[in-house]
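Single-structure report; data block below.
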Amino acid sequence: MLPVNTAILTLLIPLASATLIALFLRKHGALASWISTIAAGVIAVFSLQLLFGGARNFPASWEWIRFGDFAISLGVKFDDLAALMLLIVGVVGLCVHVFSLGYMHDDGARARFFGGLSLFMFSMIGIVLADNLFMIFIFWELVGVSSYVLINHYCEKQSASDAAKKAFIVNRVGDFGFLLGIIMCYWLNHTVNLSELAEHHVFSTAIPLLLFCGALGKSAQMPLQVWLPDAMEGPTPVSALIHAATMVAAGIYMLCRIEPLMVPQALNVIMWIGTITALYAALCAIVQSDIKKVLAYSTLSQLGYMVAAFGLGALEMKIYPLGLPRVGHPEDIAALETVGRGFLAAGVGAAMFHLTTHAFFKGLLFLGSGSVIHGCHHEQDIFKMGGLKGKMPITFVTFTIGVLAIIGMPGLAGFFSKDAILYLALEKNAAVFAILVFTAVLTAFYMIRMWKITFFGSARSENASHAHESGLSMTLPLLLLAALSVAGGYSGVFGKLAGSVALLVPEPEGAKHMTMLLTSLAILIVGVGSAWFFYPAASTDALEEKSPGLFGVLEWLKESFDRLYNYYVAKIQQRFAMLLNFLDQIFLAGLIIRGFAGLVGLVGYGARALYTGSLHVYVYWFLLGAVVLWAFAAGVF
Amino acid sequence: MSPFGLNAYILISALLFAIGFFGVLLRKNTLVIYMCLELMLIASTLGLVAFSRFNHTLDGSVFVFFILTIAAAEVAVGLAIIVALFRKRHTIAVEELNSLKN
Amino acid sequence: MNSCNPQLLQLAIATPLVAALIIALGLPKRFSVKLAAMAFIIPALIALWLWWQFPAEGGGQYQYLSSIDTGLGSFGINLKLGLNGIALPMFLLAAIVGLAAGLYALRSGAERLKLYLMLLLVMHGGLLGVFSSVDVFFFYFFHELALIPTFIMVGIWGGRDRNYAAMKMTIYLTIGAMLSLIGLIALYTRSGANSFDLIELKHAIAVQGIHGVAQNNIFALLMFGFGILVSLWPFHTWAPLGYGAAPSSAAMLHAGVLKKFGLYGLIQIALPLLPDGAAHWAWKLALLAGIGNILVIGFVTIAQRDLKQMLGYSSVMHMGYCFLGIATLSTAGSGGVVMLMLAHGLSVALLFLLATSIHHRTHTFDLTEMGGLVQKTPVLAAFFVAATMASIGLPGFANFWGEFTVFVALWKLSPVMTAVAVAGVIISAVYGLRAAARVFFGQPSEQLQRVLAKHPALDLDWWERLPALILLATLLFFGFYPRALSLPVNQALTESVSATDATLSFHR
Amino acid sequence: MSTELLKAIADSNQWWAIGPEMILACAALGLLVLEIILPKDQHRFIPIVAVLALVAVLVGVIMNFDAIRGGEELFGGLIRLSAAGQIARVFFLFASLLVLFLASVCLPRTRMPRVEFSHIVLVVTAALMLLTQSNHFVMFFVALETVTIGFYILVSYFRDSALSLEAGLKYLVLGALSSAILLFGIVLIYGAVGRVVVDGVVHTGFEYGTVATFLQQHPDNFLAIAGALLVIGGVAFKIGAFPFQIWIPDVYQGAPTPVTAFLAVSSKAAGFAVLLVLVDQVFAPLSAILRPVLSIMAAATILFGNLSALTQRNDKRLMGLSGISHAGYLLLGVVASLTIPMATGAVWFYLFTYMLASMAAFGVMAYLGVTEDAGQEIDTYNRLAKDHPFLGAILAVAVGSLAGIPPLAGFMGKLLIFVAAFKAHLYGLLAVAIIGVVISIYYYFGWIKAAYFESPVVGEEGQPARPVTTISLIGATTLTVLALATVLLGFYQQPLTGWLLK
Amino acid sequence: MPNLLFYLFTFLAVGGALLVVVNRNAVNAAMFLLLSLVGVAGLFVLLDAALMAFVLLLVYAGAVVALFLFIIMLLDTTPGAQKPFKKATIAASTLGGALLILGVISLTKRGMLPSTEAAGSVPTLKNYAEQLFTTYLLPVQIVGFMLLIAMLGVIVLSKRFAVTDKAS
């Protein structure tokens, strides 16, 4: 089979699966789940085949719609970046599917769930393969809707329904900028094809920033991060796949795709947003009691890392001798292209590296938490768990690997990728470096906190005491992901998977190497140690008891955005809407239209009243007529 | 044998017409209104006869025949209506004939 | 077979009208229902056939032409039928929405069903006629033919405020129709063609052109006339009221198809024939549509509590995109509008259908008195969410292509206006998802629980599912394969654009 | 008497040409004869003779329609045959047939004599036909007065009803007043033109052709202009144009329904037929004055008619007031005909569609009416469609056509007038007409609303107030034909346009 | 002498007419109408239309005014029943009268014809007859029918129908 056909098949198989389930298998949950899982398996196989088949950048494009000069085409751009991303989607997707077989076994709406998963796979693969921005946008929206459907899985719960709605709308807000950016890009460059853009494009600060808005929403960066914690209302496998490993990473992927369009100012903004998000989310994660919420904030934080990493690539501008490119001087731009690009790509490398490892260990953590939740009969509060270490050994071991990976235990995947980012920061911007280091400490702190409270001590609730190890379909994916979380960071593995992208990962050299290693160890020791000793495996939050003030500040921090947005929606948007509604219905439709109609009616009454029924009055009318006619004849008028 | 010119007759004709019209405006008695209408017709006949005489075309005078006949028929029908109405309403005052109105 | 395609086109229009006449002449109810079903199905089949037969490169010209002199030949009015690349998809839309509305009506259990079906058939016949008329006069004529039953249906079978709604709708739409009629007559007299035939009008205007001021005035007549019919802000207040009151099938056909008359007229007639006038008014139109229809009405829609009223307002809002597309005066803009017309027609019809189905189960349209319906009616919920997604412009549904293309084209006119339009997408997501959530998700409200205790809700039966499925499938088809539409439309548009260029070059 | 004289009589009076009118007159006399010779219990068959006579004449006229080339002057210039005259004949014959039909519905309720009614209708019809063909002011006035006097009687025909008599009296006084005005106008024209000798033949100001020629030569003769305008004023009374429309609602309301229909259709049409001849031929040189006069008249008529109809609730008054607005639209056509000849055809087309729709509406009113039929409110139509679907449907078609709703004939009439007006560049008047149409939608819609949307009228005992109406086969057929024709002409105008717009 | 006669007849015609309008009694009005008619007839005679004068007197004085008087007596309306005029009525009729006078004045100002002498021979009865039976034969016929329907109308409006009256 030609690679291009494989690629197209990879895209279409999940669509077929989704269609099949939607149309015919609504009431046959078991069959639906197997079909969806098999589809995921085929995708995984195909993605491996494409990755290792070596074929890259094969031409594939079909016109989809055309009006005049404007056309949208459906095309595939398959380079190393896409291959890597496809693999992540395929592998994590397969794991999640298999895991779901067990996790969702008793769910009444299983068919809908698996249909949604297939739809998501389709959309996500679409983003990965897309060769132009229009197409990215299309699939971008589609992942949004599959996310909506899956978050809304427990739709009889008001909170789930609200969360789904929120996720969709917040993403739309991000897409507002994204779409404008795409359109602007189209009119400025007369193409949105990624390859053509890479070769030739007009420099503009607005375009990359607008495009970044898309990532802002999808990857839940400040200030649009609010939807991701709420999205945990969805089933846990969904959180693993969509809200940790793949969809939220699509923003990063998209940024890497449009990296040629970037200009320093835009990168600067991106970097700071990523950094602040990373810190903010880490702070919020400390006060969470819901196991999934902790992981959600951790995801936010890690995404912040990736965004920051991407943004960091720009700081090398100071070595650029000619300064910023001047308007109307193409030679400046040409120089920027040749000199600046190598450095920019370092951000891409670091971001993608962390994206990959994060996909593995965060997928693992979420699935692990799913296993815990499943084992504890859908109990999600970590303070009501405890003592699961012995009851769920496989889960415990794999979860521990995940935790260690995320906090950057040397030797595990997270260590390498986080190191790359920190090193990049160290090289480019000290402030960012400091913040990121502090965030890393916090990461270790809250992860250990959660880990300890969940697994250690004794069972603190009925559900936890009856916890049991999950079945094979759930542990198997855990094991696979755990293996990847360990191995994924080694250049031998990552280099194989990422190809040329791996070459972009910055590596500390010489003394810097040592600095980085020490920093990492320090982070680890401080974070892990403080958490381990601070938090007992008890049913209450130690921080809340010992320092309610700090706890309160963090709580406030967490909620302030939601408060702000809720205030906007309830007090500003809704009131504005009511005001306009009032104006429309009362003022326009009522006062003006009805008033005018009433006026005409009054005139009508007046006209009607002239028919008095009195013969004399009528004779006067005739006199009037005769006089007027006479006057006309006499030339009075 | 007409000592005065055409204009004098036309003036009288117009005057009669105006007086008739004024009567229709003013009077409340249906019968008198009707008389005034007849007066207007007669005013026209005077004009016709005068024009006929001075223009030396007979047609105008012949028209008067028709007008007189028509006027007579009109009077007959009109009076019949007035009588019938009086039987119903016991009045011929115009201001009381206002059942038909808004 | 091809040779009788013009006759098939005539047949498609005649079938519903003749069926209506037969029913009017006293056919028993049993047969009436069957006959009506046939009369809804046959045009749909013919439309599909004609679409299938449409020459791949023939979008620029009118196909299936036929002409009948009804007695106004001396005025240059002939019943001339045919389809070009723009008319074809609209004709298909009319046939499909008509089929869905008809099928839905057959089992609607309306009081005086015969009259209901009869009026619906007349409406259907008119709609098919509108989009297949090459003669501008008959284009208008068929529109009115379809419009009148709407008023009656609102008046007889309408819901809340039906009398006032019917009256208001009638007067508004009459004003709009009269203005556009005057505009069309002006076009006829000013073109010098002495013919209402669009093809001849185009030729005549290409040869002699119309003076600039006259163009502006005629375009204004058409713009405001058609604008009222399409609920251009601030002449929109009839729409939510009317749709709120209209019975489902009438609302489906009116909001879905008939309302597109004005836009179709602007694209097919006004833009190619009056390029200078269009250029003169483009910005004003864009302002009205952008600020008024999209932003103001968007927010007003958010404030709605009544489901049908909300759908009515959202339909007004979406018309804003169409006007913006027209205001771009570009092939892409117009093409996007055609796509959007088709898509919005399908999706809004689907939404009205589903809204009525919801009402059958909840016995209310008040969004605050619903909730949790998904547990009883998952299929209905799925359809509704899909339709909502379609109407808020999700890729995969035809609406997306329309809106997207309009956005892209709009940038040329004004980036700010583009931002306004794109912001509308957020607004529509807000109210669309909120409605879906209020109806289906969460827990049922107390009122609803009481209603459900009295009338246990069943999921969609097949008579509701079939029309919904037809509409949704068409939406998805064009969503996934937009080329099926863009190909003929593009041909027709480039044809008229080149004609426009010829006219413009004549002026300069 | 000399033979030459007899010969001259024979030459100038080509009686064959007015055969239709003569047959009607003879038939009218025949009715009276039949009334004398037939026993009383068979008198109810006599009106059928009238109907038969009308049908026979109608068939004859239609068959010989093209036999008359037009332009021939007969009876020494009293009569001028024309295509328009032929159309008018057909129109009046049709209308009178329908009036007799309406009378057959209404008169039995009041037990007023039907023979006399039919007689008067026949004579008036003949006079109407002559009126439109007259080419001479004497002829014109005599025919007009015959019509008018006939209407005086017909309007007050229900002499048991004070309303009918009051209407008769009002019509009488105002009709006589308008006749006087018109007559004075004729006198002035006659005087102004004076004695004209062409080729040794003496012509007077009574002859249309002479007047036209005179006006051509003396376009600023005050007497002639004043006379012409007074004549126009007299005609304006007939058509109900502002400000001479004031009598219409009262008289329409009081008159028996068939007579109201007769007035609304035939009398108005006669006015327009005459106006077209006067404006386009006789007073054509005065178009500089006539255009503003008629334009103002048309605008005021449209606005006033529609506005005053807006809140009207009595069905016959509504027909009257809306009829005023129709006169306005027709006047628009007349104004257009000053520059666009084709407007004449449009006016006639409009008149035909107006006849069809009005007669159908009056038919429904006749069936629903009671003995005292002047007090019929729109509310009495409530839920008609439910109680009586047939009448409801007819009413809907009729009112729809009057409102000018598109698939119906009335719309086509309006369209043709508007096109003509557009071609004549009457943009201001068009705008007024559009406003009028929009306003008219409101009240016509209210009527349909009552019939279709409202809840039923409930009498005092909770019984439906509507008497059960039985419709004879003929009645049903007639109404169906009217409605179908109205619908059909909306779609296919060939039968009428092929004929009017030649 | 003719001058005097002219003034006399004019005075009779116009004065009679005015009195018809202004006096309050219907019977008097009828009598003044007669007076006015006599004046007009006299003017006819001055215009060499003696036949017309004769016919006028015959028809109007003989038939019309007699009929009026008869009806007035029949209906027996009391003259004093008339209410005084309202102020609005007075104002309106003053205005109306003024407008009418204005019309007459404008006619004298604008509409005066060149003063021509009455020319030609005086028409005889034969002339009239010839006209009526040749040129105007058709109108004569029509007028006949008109009289017929007028008569029928009067009968219908006045006659007591046995059946009808039962109904009422």
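Chains here go by letter, A, B, C, D and E, matching the order in which they are written, and residues are numbered from 1 within each.
The definition used in the following text is that contacts are C-beta pairs under 8 Å (C-beta built on N, C-alpha and C of every residue); 3 or more make two chains touch, one makes a residue touch a chain.
Every value quoted in this text rests on a predicted model; they were computed, and no experiment measured them.
K.L.:
Give the chains in contact with both chain C and chain D, ordered by label.
P.N.:
Looking at chain D and chain C together, the chains touching each of them are A.
K.L.:
Determine which of the two chain pairs, B-D or D-E, is joined by the larger number of C-beta pairs in contact.
P.N.:
Output for the comparison: B-D.
K.L.:
Among the chains, which one keeps its Cα centre farthest from the Cα centre of chain E?
P.N.:
Measuring from the centre of chain E, the most distant chain centre belongs to A.
K.L.:
If I average the Cα coordinates per chain and compare with the overall Cα mean, which chain comes out closest?
P.N.:
C
K.L.:
Specify the chain most distant from chain B by Cα centroid.
P.N.:
For chain B, the chain whose C-alpha mean is farthest off is A.
K.L.:
Once you find the CA centre of chain D and the CA centre of chain E, what distance in Å lies between them?
P.N.:
One centre to the other, that is 30 Å.
K.L.:
List the centre-to-centre spacing of chain A and chain E in whole Å, with centres computed as mean CA coordinates.
P.N.:
101
K.L.:
I'd like the Å distance between the centres of chain A and chain B, where a centre is the mean of that chain's Cα atoms.
P.N.:
Taking the average C-alpha coordinate of chain A and of chain B, the gap between them is 97 Å.
K.L.:
Based only on mean CA positions, could you tell me how far chain A sits from chain D in angstrom?
P.N.:
It comes to 78 Å between the two C-alpha centres.
K.L.:
Find every residue in chain C that makes contact with two or more other chains and list them.
P.N.:
As it turns out, chain C has residues touching two or more other chains at 171.
K.L.:
Using the touch rule from the top of the page, what residues of chain B touch 2 or more other chains?
P.N.:
Residues 6, 10, 20-21, 24-25, 28, 33-34, 50, 56, 59, 62, 66, 70, 73-74, 77, 81-82, 84, 97, 99-102.
K.L.:
Listing for chain D: what residues touch at least two other chains?
P.N.:
138, 142, 145, 149, 152-153, 156, 159, 169-170, 173, 177, 188, 191, 222, 226, 249-250, 312
K.L.:
Give every touching pair of chains, nothing left out.
P.N.:
Result for touching pairs of chains: A-B, A-C, A-D, A-E, B-D, B-E, C-D, D-E.
K.L.:
For chain B, which residues are in contact with chain E within the complex?
P.N.:
Those residues of chain B that touch chain E are 1-12, 14-16, 18-23, 25-29, 31-32, 34-36, 38-39, 42, 45-46, 49-50, 52-54, 56, 58-59, 61-62, 64-66, 68-77, 79-84, 86, 91-93.
K.L.:
With touch defined as at the start, can you tell me which chain D residues reach chain B in the complex?
P.N.:
Listed in rising order, the residues of chain D that touch chain B are 138, 141-142, 145, 149, 152-153, 156, 159, 162-163, 165-170, 172-173, 176-177, 179-180, 183-184, 186-188, 190-191, 194-195, 202, 204, 206, 249-251, 253-254, 312, 317, 374.
K.L.:
Could you pull out which chain B residues touch chain A in their complex?
P.N.:
21, 24-25, 28, 33, 94-95, 97-102
K.L.:
Along chain B, where are the residues that touch chain D in the complex?
P.N.:
Within the complex, chain B contacts chain D at residues 6, 10, 13, 17, 20-21, 24, 30, 33-34, 37, 40-41, 43-44, 47-48, 50-51, 55-57, 59-60, 62-63, 66-67, 70, 73-74, 77-78, 81-82, 84-85, 88-89, 97, 99-102.
K.L.:
Which residues of chain E touch chain A in their complex?
P.N.:
Residues 89, 92, 96, 99-100, 103, 106, 110.
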